[in-house]
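Consider the two complexes below, in which chain A is the common component and chain B and chain C are the respective partners.
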Partner chain A sequence: MTTTLLPARRKDQPRDARLADRRSRQDHPSWFLWPALAMLVIFFFTPTIYNFVYAFTDWSSFKSEIGFVGFDNFVKLLQNGSLLSDLRVTLVYAILVAIFQNLFGLGLALVLERDTRINRFARAAFFVPVIMSALAVGYVFQAILKPDGVLNNFLTTLTGGEVSIPWLGSTTWTIVVVAIIHAWKWMGLSMLIYLAGLKTINEEVIEAAQLDGAGYWRIFKAVRWPLLAPAVTFNFATALLGSMNGFDIVQATTAGGPGGSTELLNIFIFRTFGQGLFAQATAMSLVLFLVVALLAFPVIIYLRRRERVL
Partner chain B sequence: MRKSIAGFAAAAAFAVVAAGCSDPTTAEAPDSSSSAGGEMAAEQWPAQDTSRDGVTLTIWAAQNSTQTAESVATEFEELTGATVNIETIPDPYEQSIQTKVATGDMPDLAFWQPTASMLTALNAKTNLQPLDGAPWVDSYTGSLADMTGLLDGTRYAALVTTPAVEGVYYNKDLFEQAGITETPSNWDEMIEDADTLKAAGITPFYEMAADRWATQWWVQVQLADAAADGLWDRVNANEETFTDPTILGAIENYKSLIDDGYFNDDIKTATFIDQGNALLDDEAAMVMQVNSYFGQLQSLTDSATLDEKVGFFPISPSGNVGTFIPDQSNAVVAFATGDDEREATARQFLSYWLGDGYQSFVDTVETVSLQDGVESPAGVPMALQEVAASLDNSVGSMQALAIANPDLYIYLADMIQGTKTPQEVAEATQQQFAEFAAAQGAAGF
Partner chain C sequence: MTTASPTLKRARRLVQPTAAILLTVLLLGVPFMIIIFTAGKDQGAALNPDLSPPATWQLWSNLATVLDEGNMVQALFGSLLVMVPSVLLVLVLGSLASWILARRSSRSMAVLYALAISGIVLPPAVVTIVLLLRQLGLAGTAIGMISVYTGMYLSTVIFFVTGFIRTIPMELEEAARMDGAGPFRVFWKVIVPLLTPTLATASILICLYIWNDVFYALFVIGGRIDTLPLNLFDVASAGLYLQRWHMIFSYIILMSLPLLTVFVFLQRKIISGITSGAVK
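Coming up: the complex of A and B.
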């Protein structure tokens, strides 16, 4: 897209400039775009458009014909309580993940800020979960958090009394536990972005604050935190919107249980699709798409505005 | 430039959508059932040893059924010169297969739950070969031939192993310890025995609500009498619903048994594996389960111990009627791929499997024989023989007789976790059932 992003050639430009302009255009022939564009169209645009089209049909595994049914699927979904309750669960989950992931990531970035050998190693270590398979992470935590799992055994040894807390068995708190697992998996990424943000802060500003007699917390609150605003925007938005699409970790740890208290919309979609109600599942994923889009704009606009104010 | 790219993208997308907006499986299935006359019948069911050099068959199997067909496939390869590839499709098996088939990808044969609801889910009338008039149908023992594998009177699935039966696996030692000498002969007697066990300080029943899927057996066995009386026909016609007294009553009864302490204390967090251990470790006396549970017990200990320790009895409100629920590992379907020779080879393979190859098959996989002339091997554990014996007078489960298979088990697990009342369980199940039925175009929905 480079070529199209250049300013349009203006008549009043000097001839040399126009020539240079043309030459720079010729540096990047438009067909360079085609492979990437083809990938984008085939693997992104097309499925998205299908997602819009099939949501208005009665496509299912039960019969061969596909007919348009208008807004039927959406009407039924709204009548069915599951959609709204799953959307609520999804929203709560996303907010929890965004909070935890940023807390963990920022904490790690501050602790591992200095470029010592140990810190470099620790940064790499905390980044490992990011590149791990989410399903594997889910299954590992499921084993750790079982009533007779590693965590309870550890707590039993620590406290001396028998501890058998069903970490994944509470209809109230399990969603928090699962959100923490999600945040744990992705905190390395947030840490990296916060580290990059901290590095961009001018040393002189910090020095000036120190000369003014500000302590660590005062500098953090008044200088570094405001200057980290772009990193906060990125981290918070990606964590929130990314976990709206969460599926793998929750599927592996609780599969939506106990009692549907961690049933994200994607798990519901997966279940519906697997039962052969393809059109209904598509309609749900369209709803999710719209909700994420509707959420994205105000969140990003708010965080951007916040950057400017700070 | 910008315009042309956007135009290209839009045109391309439109073309793909226009082309894609038809179901790839719509193509007319070759109607092999219309063949008439003796000559055509021979073609329909070729001799078991017809040479098939150069033909390759693909069989889809789940993780727990992938070994089942191995020996019979090897024998068939030697006999006919065909090549048989068994592909393991990862779990969740049914969902993967439905999705693959819906997008036009199909094997020659696949393990599949032979119930009407699951055959419908695969759009059997379009995607599967009818197996009417198959040479093996008459050899089935008892009423097995009519029990399952049929959709609207047409046979689409070949039963290869004993369908699972919902019933009670019990710990003989604990029964003895509580002074119970005979297994109960109806529901009330079972509850009386449970009271006796409870009085002796033994947990009567063990349930696994964390893994959810077994919760539905408790409701289904209570419906056995009603099922024999046409309950599921009425549900299929929308004349009776899950919220009506029969089914709702069974759900409420299950809930009150849990509330009254008949079950293990850790019912909310217990898993399938815990359930297996519980019966063997004398933690609980009875488990309401299906055949795969026995498979789990077999993986934990040897057959001799199991024969000694674990027994099985079917149960229904008024007697010892089992509720059968054939699963994916019990039956095989043949796909209408459109390739005449491969389709014929697939039918021939089934003929061999349930024909000349059947004795060697039951011997190799150590399973109960489904055919009159074929002996079950000596190594089949007693409990499994009891299960097979209970099949003859058993009635169909929801999966076997209802036109759709709603997530009753998930809602029941929700009830155990405390997020749904029995009424809400019934409502959610009915709503989902109606949705499936409507998607199928069933009358009355």
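Coming up: the complex of A and C.
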């Protein structure tokens, strides 16, 4: 990234380089940076560093003093099973959301690709869930998916037999249902990014493939899909990492249930914090941070490599 | 999209609009109709929200009831109180910093930039933020919430704006400097006018995040300051409107209206802004 930024003349003469550097410092003084850096350091990095400290204490609402307890919180979370179970739920949820959101988004983008009046309207309409509150979306689907809700009633009239599927009451499948709701809310954003990606594909490449007699699906598989790679990576990464940090939709639909089968790390953190067990909540928050950081590392490297290419 | 055979072309010309309309009706029309119909019913009819229109519409009176009973006006001011300063701060501080990060090219700047944008993916330490705010005496205050949002979303602005400033030719700045303009004047007269579209996109995204945020608000100002989502959480999940769907859906309609109105008027700009920012 840095190399591309250096103006060409600096490479030739080191003396000029030093001069240019000093001038650049005068022309772009550091004090422009300070306010933003101060806010970042105080309100973003400091709490993060605190995470690494207070996760190893007995900080709670039940006592006024805070003492170090080593790995006690993590041992407790491992022993009662919530650490591994919530971590698994969060990862499964994030992967499901990433898959569904991209499937829906890409499907919509392909259907609404041409610039017609209907398509322009539909594209705008699919952005409405994106601007709605996730909590609100969760409540709406809670009502739709109730055992005696509209979906089961519809299926009852459709099949003739009594249908009462517990959409939000299955320890196995509810996580899939909630992930689909999450994907429904955000699919409009993925769609827009896929549409932008489709637009960057050179028409001539597609026309050449058509002249060779390739059909729609073949062109999609052999030409457009590979060229969509940047949009796919961007969408997949943002959906995956974003839903790792999810809370609202799950809280509004299942609040972590049934039986903890949809308990995301953030749901645990919120609940435990509410019970006054601050150190345990911090320990789980640290787990979330570490997992996301671990997953994000390859993503950031990828994004920076792309930046270098541009 | 052109296809080789003309018959196929004609068929696809019909298939595509049908599919578009069908998808829109099924995926959006049905849920939105359920919301509006249910919000227009009385309590008994709204027990099981469905696609049947209300026998007698009472949408306006329901909206008026939640507005009053649900404390929405106060919550609206709470939402604005934390959102507006956060967005302004993030935009101003973010673009000031981005200009330097984009134009200076030392190794330390590269490190600073990487740190500054790390917040895009890394989750904020939500529990210890509360501890920090207590130590600073800002717990439960609007200033505390604004500071937390600013710290969280600066990364997004810095990422967008730094990327954009790098595409602005240095010559534009040089010309202003030749005329004797100092750094601040160059920034204000040359850079800021060019940044407007990028800042507009970034502010829309951040408004959307903050307006709809309930998670961080629950930790920082929950129980102290009401915002629209916090209030919805209270009335829908535990209190006033538990399972009273006509009231919950009326609340949801009212709460979505401000952003929805903005979106309807600016939709073209918003959509093109977001797509051009994401995939370059």
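In this section, the second predicted complex is superposed on the first by the 263 of 310 C-alpha atoms of A that agree within 3 Å, B and C clash if a C-alpha of one lies under 4 Å from a C-alpha of the other, contacts with A are read in each partner's own complex, and residues count from 1 in each chain.
Keep this in mind: a residue touches a chain if its C-beta (ideal position, glycine included) is under 8 Å from a C-beta of that chain, and two chains touch if they have at least 3 such contacts.
Not measured: the values here are computed from a predicted model.
Q: According to the stated criteria, A:P226 is in contact with first (chain B), second (chain C), both, or neither; which is it?
A: Touch status of A:P226: no partner.
Q: Regarding the shared-chain residue A:T46, is it in contact with chain B (first), chain C (second), both, or neither?
A: A:T46: touches chain B and chain C.
Q: Could you look at A:S30 and tell me whether it touches chain B, chain C, both or neither (first, second, both, neither)?
A: both
Q: Which one hits more chain A residues, chain B or chain C?
A: C
Q: Would you sort A:T171 into first (chain B), second (chain C), both or neither based on which partner it touches?
A: In the superposition, A:T171 contacts chain B only.
Q: With both complexes superposed on chain A, which partner does A:Q275 reach: first (chain B), second (chain C), both or neither?
A: So A:Q275 only meets chain B here.
Q: Overlap of the chain B and chain C footprints on chain A, residue-wise?
A: Touching chain B in the first complex and chain C in the second, residues 30, 33, 37, 45-46, 50, 59, 146, 255, 273, 278 of chain A appear in both lists.
Q: Contact residues on chain A for chain C in the complex?
A: Touch list, chain A to chain C: 1-2, 5-7, 21, 24-30, 32-33, 35-37, 39-40, 42-48, 50-51, 54, 59, 108, 111-114, 116, 118-119, 121-136, 139-141, 143-144, 146, 148-150, 153, 184, 189, 192-193, 195-197, 200, 207, 210, 213, 215-216, 230-231, 234, 241, 244-245, 247-248, 251-252, 255, 266, 269-270, 273, 278, 281-282, 285-286, 288-289, 292-293, 296, 299-300, 307, 310.
Q: Which part of chain C faces chain A closely enough to touch in the complex?
A: Residues 1-4, 16-17, 19-21, 23-24, 27-28, 31-32, 34-35, 38, 48-51, 89, 93-94, 96-97, 99-101, 103-107, 109-110, 112-116, 118-119, 121-132, 147-148, 150-152, 154-155, 158, 163, 166, 170, 173, 177, 183, 186-187, 208, 211-212, 214-215, 218-219, 228-229, 232-233, 236-237, 245, 248-249, 252, 255-256, 259-260, 263, 267, 270-271, 274-276, 278-280.
Q: Taking the complex as given, what residues does chain B use to touch chain A?
A: Those residues of chain B that touch chain A are 1-2, 5, 8-9, 12-13, 16-17, 20-23, 25-26, 92, 94-95, 98-99, 101-102, 120-123, 126, 209-210, 212, 266, 268-269, 405, 407, 410, 413-414, 416-420, 428, 431, 435-436, 439-441.
Q: Going by the contact rule set out above, which residues of chain A touch chain B in the complex?
A: Going by the criterion above, the answer is residues 3-4, 30, 33, 37, 41, 45-46, 49-50, 53, 57-66, 76, 80, 82, 146-147, 166, 168-169, 171, 255-261, 271, 273-278, 280.
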